[in-house]
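These are the structures, in structure tokens.
In what comes next, chain A is part of two complexes: it sits with chain B in the first one and with chain C in the second one.
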Partner chain A sequence: MASYTYTPTPDQGAKAGVLAYLVISAVVLLLMMLFGLLMRMEQAQFISIGGLWFYKLLTLHGAGMVGIVALAGAAVMWHFLGQYVQLTQGIFMANLVLFLTGVVMILGSVLVGDFHAGWTFLFPLPGTSMGLWSQGAAASFMGGLLVIGVGFVLLHLDIARAIIKRYGGLGRGLGWPQLFGPDDGNAPPPAVVASTMVTIVNLIGLVVGASILVMMLVNLYVPTFEIDALLAKGMIYFFGHVFINAVIYMAVIAVYEILPRYTQRPWKSNKVFLASWTASTIMVMFIFPHHLLMDYAFPKWFLIMGHIIGYLNTFPILIVTGYGAMMIVYRSGIRWDMCSRLLFVSLFGWAVGAMPAFIDGTITVNYVMHNTLWVPGHFHTYLILGMVAMVFGFMYYLGKPDENAKDSPIDVAAFWGFVIGTMGFTMSFLYGGKEGAARRYAEHLPNWVPYDRLGSIFAMLLIASVLVFIFRFLGRLGLARRDYQRASLARSMAT
Partner chain B sequence: MSSHMLVQMPLLAVIGIVACRMLPVRLQDSILVKVGGSVPCVMVALFASSYWMLPRALDAALNDPLAELAKFLSLPLLVGFPLVLAWRRLTLIGRGFVWTNFISMLAVLGWLYIVAPVRVCNSYLVNDQESAGWYMVIISVLIFLWWLGTLMVGGGMGPDKHDSSGSGTTLA
Partner chain C sequence: MQETAWMVSLVLMLLITFGVIFVAINSDKRQEDYGPLVKSAYGFRTKLFWAVALVFLPAMIFNLMDLPYDVSRAAGKGAPQVINVTGHMWYWEMDRDEVSVGQPVEIHITSADVNHGFGIYDPSLRLVAQAQAMPGYTNVIRHTFDKEGTYRVLCMEYCGVAHHNMMTEIKVGKS
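Presenting the complex of A and B:
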């Protein structure tokens, strides 16, 4: 049995590239949140922007958010993984350039070309606009996604190269020798295990996504090349679901790397940890049918698989991570600052956010709840209070002035504003869903409107708090590049 | 059609690969330097192989002896040969790019053949076209699985440094 002790490692500042990723992420995140607020206020009948703008904003918000959290997640992963393996700076920056190119294409498509078929570009909608947008606009949207995908393929190939070089194979990156053989305590650190998993699933997802995008582009211009709509939907959801799931697996690396620095307790990759990551590597690829439970045309076994794997995959990493974090924190006398608070609450957000999906993944429930606001209620919880909280925690960490720096009351207030705002905002979605409010409707029935109004107000609180986080980070950019001890040692350590 | 596209043409490229491998390493290196490095080699291979994916190129090869000659020359010389030259210098990123590009192109081309509303080659029947399409999709899936497998067990790295040559003998 391996014994685990904590070995302190020097605390490194972020490279300029990582900061570029984070700054862009912060700005775009804020902009997309404002777009979200506009949509929610439209549903609440506070403002009246009209259906066209609602769907344009919905398309931008969906594509923009998924893209930008992927970018932010990649920054977290790159920062920490780069301390174990040798990554290529040029590829990292090439990904950013391709990303921005794709963003410009998507913005052009939506803002200039009026494309508003949703970020899921579900076949055959992009090609059947009935005159509302041009072929060129649809092509520019799908082309933009394709360009962003190419950037991520390059990034993941570089990560695969680096991990294989250091550990001798992606199987070893997942710690298979220690998982299936005796645990000699030399398994790769959690950051490497998580990056390996993300790299495997994203490479597969992106190749599938690129294939369907190219096919849809061909179909757009030569419609006689018919695509099986069911197959297209399956491929799109496979790609989309893997990609958005992978985002939180990248960001959680911040938790694995930073929390132990506070309490000086190790977060080692033991057998249970490795087993859960390996299991999820496989399951994450078979879980997407839980979005398709209402498509009766799919074969039955396929939907049952979605149901079962959906149940199974909810837990391994979540429990291992949640339990691991408890073990790191329990009776450690940890000092709570903005970073440790946000990272800890992110696990809460992740766990709470997974529950509505778990419920909705049950076929009988799904018939009633799917396509209601219940679903946005689920993913906004785990993405905002889980994933985005991890990214802000990381930002606070990089910008922390010194080991014993105290947080100002404004930051602490913003933290609570963020938690309460998010909970209120997402509860309004969930409750609306329970009352039967359909998702993706610009106009709501009168009895749904009260929830929309409450939701808008909580969203404002949430955005105000995020503004504080972002300004604080931008103001401390200079510190973020330096190497120094940031984590305040737990009381039991700092004698 | 399947044997034309999926047996004869790949074998022609393999001839180029084998021929290049038989040259002494020093000669390979000096040719690589003369033609401008590995990127141009990959680009040439990419464009030449793309051309032979076009249905009308297949038709031309069957009807026009000149085009047939061009096929017999270009596939070994412009696809197999430059790929081997470049391969020795490519790291996993370059090789992965070639493989992922090749795999998605093969899969999409196969798919296009399966759903094409018309007969795309004058020389072949519609059902030929469809079965060739299915073979392409299946082959691309198999290649993808094999390639991922090599990553899992840790083959397929390519040379460690950009300026050193690998053996060029591993595929992944």
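Presenting the complex of A and C:
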């Protein structure tokens, strides 16, 4: 008989390393959002920065956002996973040092060397500059990505080591004995299951990403070392898709860990939960062909696989994680504060963004919507209102002065500004995509400009709200390291 | 197709929104005994699973019926009109730019340098077909233009600083 009794877990403050990750994430995230706003305002014809600067910002925004959300997700994962397994602080900090080294190389490449081949560095564009950037600038950008990737490989190897040591293997970390055998109730907690999944997929993704980066670096200096463009594209999208997907699976650990503390209800690693995470482990690695549906040269079965897995991938998000959050909040007497609000809305953001995403992965839809603004429309929804909301929820949790602390009206207003700003911003992308507006265009056709203008205004609201979140977190850094009860008890439990 | 994708997305997004609002509204009063609530929630989840499966899976299969990769898309209506296209940074090289309405067209697309995307917009600026242009490979769009007029071709894959200016036209006239 399953037990639904909640065992209280003490709230722990964050280690200095986690806070360093979060502070850097907050600052860079804000900067990258400002870059994004500048691009949107350029398309809206509110400003005029020119094509070169637009594409330089595009390159920085893409690389910067992917890197920084990975860093923030790693902070969430490391904080909670460290409460179950013995992680190595030195490796965690080495990853940060390598990350910052990579960032300097990328900034130098773009700002000094004028590199602007996009964060996806599609072969052979980085080496085909038409004289607009040097070989060194391209090498610095790809080398920077490589250095960042090496840091994350080290981090994941340490996580894999710790999970194997504590649970006896990665299969056990995914709860396979309980999934495929009798459920003895001893499956690892959700934070461990999620971390295991992320570690498996990211290690594979990063090795593939590093391989193509090394191949392209060699090709840059030794052009006779030829690379097949189709193979390169497949490898880049495999790495890119796995890595950006993994950030959500890292950050969702905050939801698994914190919402039960507010509702005093357990988030169980039962068979359905374990099955969904094992399914996600496989699907995240095989869904990437949905980026390649317009590359007819790939085998047809490969492209159909992307289409099918796109549909199947919605099940774990909607039926397990999204539904699970609804279940523990429903009639829970939860006390809404900034942390619980942001974590709750993050599941909404993830699920709602997944809808236009899987529709985009439908081959016949992709035929007329691939690389339109529909694409940034869906991924900005589940990344901002999903993943980033999880990170801000975690920041509010760490900085909450005490369990009964009330939110200031400014924070509450910022929460609604964040939700409305994000939805307005992303819906303007989606509508622009429906109207055929091409993505990654410095200049838009006159028909598309009204959606750009609307999107810019909502983006300003979103950034203003994020400013409040960040200043509040920075102002409360002193509290974030201490161990004390943060989560408010649900209503009838508190009285 | 774009309208359908938009409407289906809106409906699904609204359904999720209603579900989340319903839960938020019903979160105030606590039901102490979580066990019975879990039991009924799991029952509802099973129904939800089957409801989603019964909608999504047939839709998934139905949408595999008429794929752009199928050679049959250009068959049975006479010999296709062939356009050979090569993408360059930052212009399109085409061996013809006039075709007849109502007759199948095969557009053979490749690239001389980096990745580009060949996107065809109808006179009302609706995207009607596309394929990637890739060095070393040829992708074939099989399309029958059903309206006369001037169709614009835009680059659909980022290819450098003049990506947004990489445009050309296809004129579709009477046969």
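Convention: the second predicted complex is superposed on the first by the 490 of 495 C-alpha atoms of A that agree within 3 Å, B and C clash if a C-alpha of one lies under 4 Å from a C-alpha of the other, contacts with A are read in each partner's own complex, and residues count from 1 in each chain.
Note that in this section a residue touches a chain if its C-beta (ideal position, glycine included) is under 8 Å from a C-beta of that chain, and two chains touch if they have at least 3 such contacts.
Please read all numbers here as calculations on a predicted model, not as lab measurements.
After superposition onto chain A, partners chain B and chain C are found to sit side by side with no clash. In the superposed model, A:Gly169 makes contact with chain B only, not with chain C.
Once the two complexes are overlaid on the shared chain, A:Arg265 sits against chain C while remaining clear of chain B. With both structures placed on the common chain, the touch criterion links A:Ser211 to chain B but leaves chain C unconnected.
In the superposed model, A:Lys300 lies in contact with chain C only, and not with chain B.
Seen from the CA centre of chain A, chain B and chain C lie at an angle of 100° in the overlaid model, rounded to the nearest 10. Of the two partner chains, chain B is the only one that A:Leu203 touches; chain C does not reach it. Using the contact criterion defined above for the overlaid structures, shared-chain residue A:Ile319 touches chain C, although it does not reach chain B. More residues of chain A lie in contact with C than with the other chain of the pair chain B and chain C. Nowhere in the superposition do the C-alpha atoms of chain B and chain C come closer than 14 Å.
Within chain A, the residues touched by chain B in the first complex and by chain C in the second are 228. In the complex of the two chains, the chain B residues touching chain A come out as 91-93, 96-97, 100, 103-104, 107-108, 111-112, 115-118, 144, 148, 151-158, 160. The residues of chain A lying in touch with chain C in their complex are 2, 4, 6, 51-52, 55, 58, 116-118, 120, 122, 124-125, 128-130, 132, 228-230, 233, 265, 272, 294-297, 300, 303-304, 307-308, 311, 314-315, 318-319, 322-323, 326-327, 329-334, 336, 344-345, 347-348, 351-352, 355-356, 359-360, 362-365, 367-372, 374, 430-431, 434-436, 438, 440-445, 447, 490-493. Here chain A touches chain B in the complex through residues 88, 91, 153-154, 157-158, 160-161, 164-165, 167-172, 200, 203-204, 207, 210-211, 214-215, 218, 224-228, going by the rule given at the top.
Interface residues of chain C, counted against chain A in their complex, comprise 1-3, 5-6, 8-9, 12-13, 16-17, 19-20, 23-24, 26-32, 34-35, 37-38, 41, 45, 48-49, 52-53, 56-57, 59-60, 63-64, 66-69, 89, 113-115, 117, 119, 121, 125-132, 134-140, 154-165.
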